[in-house]
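Chain IDs A, B, C and D follow the sequence of writing; residue 1 opens each chain.
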Amino acid sequence: MSKIFKNQIFIPVAALLLLMLFNLVIDPSFFKISMGVNSAGNPVLSGYLITIINNGSELAILAIGMTLVTAASGGQDISVGAAIAIAGSTMLRVLCGTNTRPDTLSTPIFVAFIVGCLVAMAFGAFNGVLVSIFKIQPMVATLILYTAGRSIAAWINNNELPIISDPKFGYYGGFIPGIPIPTPFFIAMACVIIIFLVLKFTNLGLYTQAVGINESSSRLNGINPVFIKWLTFVILGACVAVAALIKVSRLSSINYSVIAKDIEMDAILAVALGGNALSGGKFNMAASIIGAFVIQTLTTTLFKYNVPSDALPAYKAIVVIALVVFSAPTFREAVSKFVKNIKGGKNKEVANV
Amino acid sequence: MFLSVFSMAGCTSVSSVEDIEEVADTQNVMEDDTDEGLIVIGFSQVGAESDWRKANTESMVKTFTREKGYDLILEDAQQKQQNQITAIRTFIQREVDYIVLAPVTEDGWDTVLTEAKDAGIPVIIVDRMVNVSDPELFKCWVGSDFELEGRKACEWLRNYCENKEIAPEEVNIVDIQGTAGASSQIGRTKGLKDAVRANGWNLLEEAAGEYTQAKGREATSRLLRKYDNINVVYCENDNEAFGAIEAIESAGRKVGNNITAGQIMVISFDGVSDQAIEYAKNGKISCIGECNPLHGPRVEKIIQNLQQGVTPDKYEYVDEDIFSGDSTVTSIEVDDSVYTIKILGK
Amino acid sequence: MSKLSNKFKDMTDTNLLLTITIVVFFLMYIGAIVFQGKGFLKPQTFFNILNTNAALIILACGMSLVMITGGIDISVGGVTALVSMCCAVYLDYKGGNVAVSMIIAILIGLAYGLVQGFLVAYLDIQPFIVSLAGMFFARGMTTIVNTNPFNVVNPDFVALKDTRIIVPGMGSVNKLGKYVNAYVEIGVIVALVIVIVMFCILRWTKLGRSFYAVGGNKQSALMLGINVKHTKFMSHIICSLLAGIGGYVYFLHVGSGAVTHAQGAEMNAIASSIIGGTMLTGGVGNIIGTFFGVLSLSTIQNIVASAGLDQAWWTGITIAAMLCIFLVVQSVVMARKKRAIKK
Amino acid sequence: MDNNALLSLRGIYKSFPGVKALQNVDFTLRKGEIHALMGENGAGKSTLIKVLTGVYTKDEGEISLEGSDVIIRSPEDAQHAGISTVYQEITLCPNLSVAENMYIGRSDDVIQNWKAMNAGADKMLKSLDIPAKATQQLGSCSIAVQQMVAIARAVDMDCKVLILDEPTSSLDDNEVQKLFGLMRELKARGVGIIFVTHFLDQVYEVCDRITVLRDGKLVGEYEIKDLPRVQLVSKMLGKELDDLSDIKSETAGSSVDTSGEPVIEAEGLSSTEGIRPFDFNIHKGEVNGFTGLLGSGRSECVRAIFGADRVVSGTVKKNGKTIKINKPIDAMKNGIGYLPEDRKVDGIIGDLSVKENIILALQVMKGFFKPFTKAEANAFADEYIKALSIKTASADTPIKSLSGGNQQKCILARWLLTHPDYLILDEPTRGIDVGTKVDIQKLVLKLASEGMSITFISSETDEMLRTCSRLIVMRDRRVVGELKGEDLTQNKIMSTIAGGEA
């Protein structure tokens, strides 16, 4: 029992179950999934659970990269939202060519994705260089891209808003005809599977943790900490590109100042909710990914009860604080002491009698 | 892209295009008279939140070029009044000749406009109105009659329903509003509300859309979950309409005029972007109340008048049309004026 | 030469970074005058920078303080918006009086400080997460209080807002040939007072030095007999209190309540602190540097604006570039210094 | 009850999850005495001191100072009560000035008087002969100076009780003597001093009394004259000791064949850390050592061989073939292992498990894309936990929760697992109890006899004499001599280090 309680993954899972339980008690229709037909005439599933796995996908993908960056560098990348804008803008630019409202795509989507991916990884590499070579704290280093990112994204498309009319481009953020489950979920699952395979068949996990815990010692054991830190930022860049593809595909367009706004905060939260120390070192990837879905479940639940989107953060904040307070070691210690005291008091009373 | 907007505007408000050329001619003559060389204009723009806004900015930039003897300093306020106030103060320090202000909201301009007046710089307001204690704080205003736009769109809806024999109580409208407090939002909302009262339609809810696609989408999908009888979505600009259409389609519903058959009708404003016109052609947007963004030539004319010491009219409205892809309604009448609907063929 | 390098070696990290910041600021301002001409020569241009950024100066002071202590507080922008909205609603809807609105601002700041400080200092929760939640909460609460932006028309408040303090002996002749005195708003006076007070606290008080000690090495500070938890707690109290005051100064400057107020202010405050030579790792920083950091940041914005780089996105790119240069220079200078000491 | 008692601790209990660190410990300190607190690693010395200084709060027990009970909840309280402490690790703030480090956290004054503070600090620094300025930033001083500043702070506090927790580990002999002088002076003033160290010589040089702890329990308190060294050691270990003499009897490494090709041979090697180019060689099965004062460049030499610092000149040959070593991984691939000097900073990876720490080096050598299976990793870990008798709850316990000696054994296991041809051990016994020290020395000799070449570095000369067959002596970052065979005596080493003509 205590082992389960102590396990890192306990916190996000418990939070998820708690939220589900809350919905089950208040309104079981939360779990209703119905089959409908979308405008393209395809059968699609809809319901709150579908919304969660659909909209939580980008967050889960980002949480993967963010977890690695956090583990290796002991800091967070706050530029992922801006980087998504850049990657998305690049993809649209490549797809559209010179015409911002093309009838046909000027390049295959695959090529556009690769280019967007390279650009996102290049920006990740830029952050990585600042952090690993210049030894600037990650939050500060990524503040640069955070400030400039959306401007760069606007600049890539001359501040125009390209719109893709080809319905195929919409598949990545919507539905593939004939498959009623939203595509982003498949993409997220693919990313999750890839990262777990990578963690299993390479030493990425061991190296990033070693570097995050003790850089100097890792170096003396033959690890190149500079490269590992840099690598985690590049991997995050790749995650950003995938998330960007989903984001722009959802709209078939882009809004530079709004796209993926505040997603960095949610991604960092996902890592923290997963019980991973934001100061780096040991990490649990599964916990982070569940953490991402906890956040999305919370968001969807709040939406369901008609909390306006602007007021949403206030409720989120309360839940987050409750979670971190509950998982704070100091708090747990105090509670267990308190419980002990009560029990101890009872025992003494018994003894007195 | 700009060119296409321009040509489209050309077909809708021919008069203004001719104006440009006229003014440009007088300008060339004028240039020799000014010793300073360029006329410096500080333009504080709201932002780049919508296609309309961008077309508006483009119009200004294309009009006030160096070749024509102007130096335009453009400041994008990114939707914040504070940035506009700062920009105007910077203009004052730089001693520009004219300040053009496209205000983000109507209130809170007294102080800074007084400063401009004290510094002897005339201010021209474009698009939205300002609400100031002393009307002398600005020279004149150029923009659209937003309430008229709203009334025209509602009149179209009334005519359409009458033609199709749809009872007023069957019309269930939601209003996706623009940036709260903006003149356009106030005018278009008022136009709708008056029409709802006069015609006996149901206005289910008013939601904030902030003139953006993302907000439009978000608000619409929330409303669709809340009400299952919505059949008209009244979006206060095109970008909101794009968002609304996405939301409707991803909820598994269809957009279109045939509201008795379960389709949802989208009404929108601006009509500046190709996409909006495209949507109107193929019936995704049922009706668009045009909002003419081409303020540049009008402002230029005013500045020319001021240069020559002529006081312009205090309020100048630009001419605007109404578009639809559906030919059920061909003309409407508002305030005793008849407006022909521009039917956009496929 | 060797004397100079010795001086460089003996300089504390704080003073070294401060010197860099001040030098860069003056170079930049001179550059602006040379390239942009008359606008930057007018005293009022400089005072306008102060007027516009008075609130940011106050926020950045608080931010520097928590950063020196080794923490971070990203809720300051949210608190500013919340303060503006609450005060605006109170003043207009309740017809309240100005003094009470000030107390409201301070109370909001204090409440934030108490909660965040307690969570960070006594429950050992990472400050980033705590203040992130704080930011979410403040932004959310602001919308809950009131969604629509509006201007305050309360006459007492407007009078206070429009009060201008003439700067003696400075001014310029305007287009109409009239001599106009340079002026600052009340907020600037508040900001300057806070800069001075904060400087004194950090330099000469026991608490102030404790901030540096805790930021330098928490464990050591504990062993040296400093109450680390209390020190951290105090840093958050002061920071949030300053966010409350800064929020009011912001409110006084804009005279309205809006959900979008002070958006990104926390990042500007952090950027100003970094440009001013405060290090996020803690233990190094200076309030005077922060003050110049804010000025540098806004001078850059001004240059961009008057350079006629019309698109808004240029501002973002230049600030980022400047931040990048500052960070790299800092990093290189510190590394050099370390090497110099070793030898 | 002793009337002269300055500080007394009665029945102290302290436990951590899973560990009873202190059980019913009594301790008495008298006025004007220097009292050694001895025990193996994990015996509870550090815990006791941390309880006394308020870093930990005790579970049970009483502390009284000059006859009246005191409650100490934080280091602040301890300072106010007149207890000041110098810790083994430097516990000062590197970003503050020297003067500030000496005065911060001491007074109740709200306002700091910089002038008085700097003047006072300068006076103190001068009187103690510490080469630092009051206004200098502490971080710009050498480690030894920083440690001296910490001592100066403690001395300046006019304390009643001064605790020195292994203060000498980063000081050279000269500085140690200076410290001892200071301790005697304070003792004469009536200050009670608690002295914790692993150096037996130092204990017998300055202390009056010894309290021995073992496994968190009190063994006893003794007058120094009543307790010969051997007995002290046996009390600390809890067994009679023949082992020590065992080792002495083996004249180590005398049988090494040095005629063949050296395993590792370096020529003109130097690194960015400022050592003069040096030559070096080692043969199969040989144990040699670098000796010299702290800061003489011992560690820098071996770090250069391992590629831990950037090498700027020189060549390295292995079995006669030139090899290129730019970074640690190159050295590892060529069969070189390096146990670093600073275990905490360069050795352990604190939050990772014992298992992960053990397999790390071999894993890195095996490659990024070839992780060990769980079974393999467990097998390796179990093998070495057993072989080196590492005391740990399980292979999955985080290494940071082990005692210093056991952590060191894990690091040793890490390198043994890579089966190096040449192993560098830099201060493997620092801060480790006598029992483990002996274990490690024995292990070194055993490995050498199996054919491994080992370089052994230690601050304790007798330990070097016991294990090494050849010593390379360093002074001021250059090699000044090489001693072997007959020359391996304390005196000869000392004179070579000192560098006199004699």
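The rule is short, and it goes like this: a residue touches a chain if its C-beta (ideal position, glycine included) is under 8 Å from a C-beta of that chain, and two chains touch if they have at least 3 such contacts.
Keep in mind the model is a prediction, meaning the values are calculated, not measured.
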| item | value |
| --- | --- |
| Chain labels contacting chain B and also chain C | A |
| Pair of chains ranked first by number of touching C-beta pairs | A-C |
| Whole-Å gap separating chain A and chain D, where each centre is the average of the chain's CA atoms | 44 |
| Between chain C and chain A, distance of the C-alpha-averaged centres to the nearest whole Å | 30 |
| Separation of chain B from chain D, taking each centre as the mean of its C-alpha atoms, in whole Å | 77 |
| Contacts with 2+ other chains: residues of chain B | 48, 78 |
| Multi-chain contact sites of chain C, meaning residues that touch two or more partners | 147, 311-312 |
| Residue numbers of chain A (touch at least two other chains) | 159 |
| Every chain pair in contact, whichever chains are involved | A-B, A-C, A-D, B-C, C-D |
| For the chain C and chain B complex, residues of the former touching the latter | 38-39, 42, 44-45, 48, 52, 147-151, 161-162, 174-176, 178, 180, 253-256, 258, 260-261, 263, 302, 305-306, 308, 310-312 |
| Residues of chain D defined as touching chain C within the complex | 53, 55, 74-76, 78-80, 85, 87, 90-97, 100-101, 104-112, 114, 133, 135-137, 139-140, 153, 273-274 |
| Chain D residues within the chain A interface of the complex | 306, 308, 327-329, 332, 338, 340, 345-352, 356, 360-361, 363-365, 367-371, 414 |
| Residues of chain C defined as touching chain A within the complex | 72, 119, 122-126, 128-130, 132-137, 139-141, 143-144, 147, 259, 267, 270-271, 274, 280-281, 311-317, 319-321, 323-324, 327-328, 331-332, 335 |
| Residue ranges of chain A in contact with chain C within the complex | 76, 130, 134-137, 139-141, 143-152, 154-155, 159, 265, 268-269, 272, 278-279, 308, 310-318, 320-321, 324-325, 328-331 |
